[in-house]
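Common to both upcoming complexes is chain A, partnered first by chain B, then by chain C.
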Partner chain A sequence: MKDSLIEILVCPVCHEPLELKDARRDEKEIISGFLRCEKCNHDYQIADGIPNLLPPDMNN
Partner chain B sequence: MQSVNTPFNTLAADYDSWFDQPDGKMIFTSEFKAIQQVLPYLPPPWLEIGVGSGRFAQALGITTGLDPADKLLEIARSRGILTINGRIEDCRLPLEGFGTVFLIMTLSFLEKPVAALRKIRRILKSSGMVVVGDVPAESAWGKLYIDKKHKGHPFYTMANFYTYAELHVMLEQAGFRIQTAVSTLRQNPGQVSTVESPVNGYKKGAGFVVITASRA
Partner chain C sequence: MTAETSSRPLYHIFTRIPQRYDLINHVITLGMDTGWRSRAAQACLEGRPNRILDICCGTGDLAITIAKLADYSPEITGADYSRPMLEIATAKAKMLSQGQNIRFIHADVGRLPFPNGSFDCIGISFAFRNLTYKNPETPKYLDEILRVLRPEGRFVIVESSQPGSAFIRFFDHLYLRCWVFPSGYLLSGNRGAYRYLLDSALHFYSAEETQKFLLKAGFRQITAHRFFFGAAAVYAALK
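So, the complex of A and B:
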């Protein structure tokens, strides 16, 4: 995912902005890492360049 | 990444390969040409909800796509689409952040389509547009898909197909004003022999209709 995408994403639960953590990049974009919601104390995974913003209960 | 248990994940490759089959290619190209007809009137930036494997997004130049099926998104990403794994019902996107939102063969698969359209309206700029491309239930194609749904087709069993009039009403209930319609796929299922040129307006019997509606 491109860095610019972070600006349009918010937590699907509380709607607060997300913070990029543990990012691993290739020459073009972020490949893996987490988007952290400090308010919910939840990490949304970035895997293979795709941020997973499904609510936590849909991933269980 | 953990995948949501949906046929769009388990059958992602099958889903995407349909577009490369002879019938699939002609149907896709006919539908693409119908959507292409309205593109000059659509303000940027563009977002496709239910982007799937990114076939339409890539062909139409839609930069960003949202979908709950991450296996399809992996294919969309390989086609250069900025992908977000999520559902419009849950995913919060910036208010007035987009000029145009596309729902191509997606409205039928939403649990609460009017609620989703209302939400889409909120993420559109004041001059924004929504583009709905779908199969009218009253067409031969719609009847075929409804029949497949009742027989347990893995994809269509999750869908609810709407008539053209119902699509109109849902858009208006969500606060949109209908602007244009374009029709295509007047060839019946099993008889597709050519790529069709789209026609303006809604033509009863057309298997695919594109409706544009403004936020205002």
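So, the complex of A and C:
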């Protein structure tokens, strides 16, 4: 995923902004890492460039 | 898997056979889905929106078609709850999007990860029926679509419909029973999913009923363009 995508993403549960953590990148994009919601205390995983922003109860 | 996802038979086809999903769609629609989707993409691009969201994007066909048809560089985002579909969408977009900016995210339409009013246009290709046919979550989905659409933003739907003429409807239902269901079942191996598709297509709204449904949900200035004697339609509605 591109960095610009983070600007339009929020937590799907509380709609607060997300903070990028532990990002690993190639030349163009973020390949893996986490998008952290401080309010919900939840990390949304980025894997193979695709961020998983399903609410936590849908990931179980 | 949650109760919501396990109760929807199409979830299995979305997660288990994505490699064949595009092929099955082309076969069961006799290749007509491509043209109908192009009409929806053109409707999405009316007014040259900057931010476009393709919900229930599956393997990304609507998002990629929008990217191909755009003569400018909109930000196109695809969202779907099936990770395998998104992996195919990402790979296809790299090959087919002609350098346009398409991003895919794993998300559910009922709880979208975007602020209010984020998008100028939202499109949905052959999945509106899944969100609204005998689905108890329908009000949540429509509220969420309206939430992330900006005021005056457009919602574009391409979906199967009911032909107005009883004579044409008879042959349309014959086609659904004798071609769509058996070919989908044989190619996918998933009887339940294509039984659901058959039942939902046989009983889904006509174009007039869909327009009334959208009006009741809070959309306005709703237009419908019918195809294949009314067996499919592209709708555009404003928030």
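To be clear about the criterion, the second predicted complex is superposed on the first by the 60 of 60 C-alpha atoms of A that agree within 3 Å, B and C clash if a C-alpha of one lies under 4 Å from a C-alpha of the other, contacts with A are read in each partner's own complex, and residues count from 1 in each chain.
Criterion: contacts are C-beta pairs under 8 Å (C-beta built on N, C-alpha and C of every residue); 3 or more make two chains touch, one makes a residue touch a chain.
Being a predicted model, the structure only gives us computed values, none of them experimental.
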Considering only the touch criterion stated at the top, classify A:5 as touching first (chain B), second (chain C), both, or neither.
-> both
Pick one for A:40: touches chain B only (first), chain C only (second), both, or neither.
-> neither
Which holds for A:50: it touches chain B only (first), chain C only (second), both, or neither?
-> both
Mind working out whether A:23 is in touch with chain B, chain C, both or neither, as first, second, both or neither?
-> neither
Have a look at where A:15 lands relative to chain B and chain C in the superposition and call it first, second, both or neither.
-> both
Footprint overlap on chain A, where chain B in one structure and chain C in the other make contact | 1-2, 5, 8-12, 15, 48-55, 58
Partner chain C, residues of chain A touching it in the complex | 1-2, 4-5, 8-13, 15, 18, 44, 48-55, 57-58, 60
The residues of chain C that touch chain A in their complex are 2, 4-5, 51, 75, 77, 81, 83, 86-87, 90, 101, 103-108, 111-116, 118
Complex contact set, residues of chain A against chain B = 1-2, 5, 8-12, 15, 45, 47-55, 58-59
Using the touch definition up top, name the residues of chain B that touch chain A in the complex.
-> 1-2, 4, 64, 68, 70, 73-74, 77, 82-87, 90-94, 97
